[in-house]
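Both of the next two complexes hold chain A, though its partner changes from chain B to chain C.
Right, the complex of A and B next:
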């Protein structure tokens, strides 16, 4: 991630690290606070579900499209969910460098795949229409509009809200001629079913800067960070995948503290997001 | 699907015939608490390490962990490519690849998403140990290829990569050793899992509503400094189980230190003999 960090001088880095030591960050937050999160769902008309999230200076759009497809041979009774992340040079000048951009995007995609690759996160059998023949394929496309640090957490918030918003047409399977099954789409475009997002994970990045760990690091703080841990946390506090990032190392005790801290923050974030989505009115922006 | 025009075209999609057989629900532990290969849960496979296996490379290491076989070679330090910015610190490039025939499923020639992710994790682990400030304006290249994957390939690769760096004479704070543990149901920790024992998304107990813990955790450690330099997990785990598993991996990785040291010493000795 440091590729996208701006070039801070040693004095500036020192200032940030000392501030964090005293639990007072450059934007006035304490170590365990998120920046204000602005969220809007159902923002794109051509998608089945969408969301727009802004976390400090980080902004992204998530669009979910569902399409009919064939299930994988190995899992005939399951649909699929596919993630695609795109970062244009609009978001950060570093995206112009192809190799760096690819690494950056792969990093986000692989963490999403890692945390969704289990039966807890999402029930893929509910996406199956005809066993072995037809299923829903859910394409989750993330477009990063602005990079302001903590992309991973922001992405996962957007993905969860967009999936919650996603309406899958309620198709009817009928037996047609010669025992072949036929699929009929409903006439009413609002006749849809929703994906259960109760156990969908939110990614929480805990960064270790200087001598303390912080949450929701800005770009400047990310460039001072020696090591960070990303984890997928469900609403119940289960952990669906962990990865250490950045080139530093961590004391085993510190690592444990960071994991527990991340779990706690993740659960709080889930509660705040669910509350906001429940009371959400279309066309407005909600705040977490 | 990404294709490479320089290579012979193969069918765009093919299928492993084994996947057509009805999936056997195998229990990984029998009633006598033994695993499929006869090991007990807290029993690791033997490890074999040898440095200097690739003659063309500056440093190299071959690692065998049961049937898992990994080769790692290190080139450099050499000049960074001209378009890179000037940097006071050296740079490491790491490429992890499963050989196309190494897994039960055929793998493509082009690194896929999971291979790119593993490369990145290994790179981060090595960055923590290499004294990069000693190599300004230079690039150190690490290439890892898995010849046969029978589980724990990532941890074998990390250990091999660090030894290859040491063999190349790259300055490091410490050797990196790594170990994996599979969490199987509540209270079962299978050390050093084989490929059958590794976590798959299908591992889910529908009766219990997914209350059981399933997952695979890999940890890399700087053994003499007692610092964790890589953590990678998948599956679904409670936080306290995850913490316990990480501690278990740490102590397993610690145990590998003696073997790693021995391997380095013997490689130095053999070089000495050749020179004499």
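Right, the complex of A and C next:
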């Protein structure tokens, strides 16, 4: 997904593509390696949950805010989750152009919406307070600080960890006068319940470069890639939502291979993330 | 084969900076800092005086390291765009093809120009440039191509004119480009090095570093170097290039001056690790510290 079109010479591309064929990328990684991921949760005090992720040179900040609202008429017993992605003009030179920035941001937003828009990903009924009248609306705001390739995977990691960090106040519903229900917020700000993120998907981008596919492409590799497939993978290895990007075509067999490959990597990512978040809770001190 | 272990960790609290034995000799300033109140000193780059002042204080206008040459005081900025000087070796990327010239991106404030009259076209040095050459400029160099060149002239506004009228310069083939701050490149007599490990590096003054394998037939360039070799690079040689790339990135991250010796020391200290391990924080610091101690040992050995 070369979103902002990094301009490389033919010979440089040639070097990168041949390297991928030899399973030896320009930074020494093999095709199935991720760069080191740095992650911190609970970094913003004004949010209900937040995270900051750095993957190579890609860096972003995710904040989750919950507010009370009215459920949609079509789904009276469900809350809502809404995504908003912002890209700093400093993230990459091309992001200073408004139109390109907007396309880029919409692309990420729609992919997040697509993978979360089903009953498996997140249990929206748990966000409902009074059927048809009141529910929690979860706003997920992503701010992209720097683009260094593989922005989608990085975003979804950030979103998952921020959602896991999110504490929703434990409200009490009381029947008030005249049959009206009243909602009472708890006095203790730490009296919260966490959103279940057991089935939340992580996006995995598998890029097809030359004759092989790779994960976690850098900006340079993205500009060499002919086609890429993004998929949302749950912890159990279920694929929610697939999208093909870039102009190139793929063989049906290759596509299946890429999906399998992405599924495997996605599960490993989940395991690594859960392990990290668990150790984080155990007392690693916060960031900043 | 499932060697892919994904590492997710908490961010490091502070960057562990390498320890220099001579750190106290460095004088760091930020903009507005008084460098000296002595009126004897001359005002160099990166400094200013207040016109109304009677006490002739010299202030820093950029954040960086103070350098003194006799009575001339300069501040060398730590992070800056490239300020060109005549004779500098630069690596740049072609941005635009115009009439009779190319626009080249060289990390300076303005794009540099490369006139068609200042390149060696195929067919010998003394060939006349015809109108046909102007029409086929894109065949020689097109947008995105990387070139190495020398600064021929610096214009009043800081814009650079480049030339490639030597067989050392020209279009670059297969390899990697690393971008670092121009202030990290140590000025030397020679910036193009054929390292003993089998790679050629161009540590260009503008902070663009080019790493490629040393080609055997470097002198045999009848075509002016415009036709690049697209044969796959063998794995062993590729490993050398990638190792150098990672090493240079490590050194740059820790703000170690880059020149042939420091790059080579870092390469040698990295040999015990796999190429992909170099980028991890621990190994990277290890390599940087080892490089610094080797460099300092050499310095004391000389003196």
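One rule holds in what follows: the second predicted complex is superposed on the first by the 277 of 288 C-alpha atoms of A that agree within 3 Å, B and C clash if a C-alpha of one lies under 4 Å from a C-alpha of the other, contacts with A are read in each partner's own complex, and residues count from 1 in each chain.
In this text, a contact is a pair of C-beta atoms (placed from the backbone, for glycine too) under 8 Å apart; a residue touches a chain by one contact, two chains touch by 3 or more.
As the structure is a computational prediction, the values presented were derived from the model and not from experiment.
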Specify the outcome, clash or fit, for chain B and chain C once both structures are aligned onto chain A.
fit
Chain B versus chain C as contact partner of A:29, first or second or both or neither
second
Which holds for A:38: it touches chain B only (first), chain C only (second), both, or neither?
second
Contacts of A:146 with chain B and chain C, given as first, second, both or neither:
neither
Counting only touches as set out at the top, which of chain B and chain C does A:273 meet: first, second, both, neither?
second
Give me, in Å and rounded to a whole number, the least C-alpha distance separating chain B from chain C in the superposition.
8
Mind listing the chain B positions that touch chain A in their complex?
15, 19-20, 113-114, 116-117, 120-121, 123-124, 127-129, 201-202, 204, 210, 214, 217, 222, 225-239, 242-243, 246-247, 250
For a test of understanding, state which residues of chain A touch chain B in their complex under the given definition.
73-75, 103, 106-107, 109-111, 113-114, 117-120, 227, 229, 234, 237-252, 255-256, 259-260, 263
Going by the contact rule set out above, which residues of chain A touch chain C in the complex?
7-12, 14-15, 18-19, 21-22, 24-30, 32-40, 52, 54, 157, 265, 268-269, 271-273, 275-276, 280, 284, 287
Show which residues of chain C lie in contact with chain A when the two form their complex.
3-13, 93, 143-146, 172-177, 228, 230, 232-233, 235, 238-239, 242-243, 245-246, 274-281
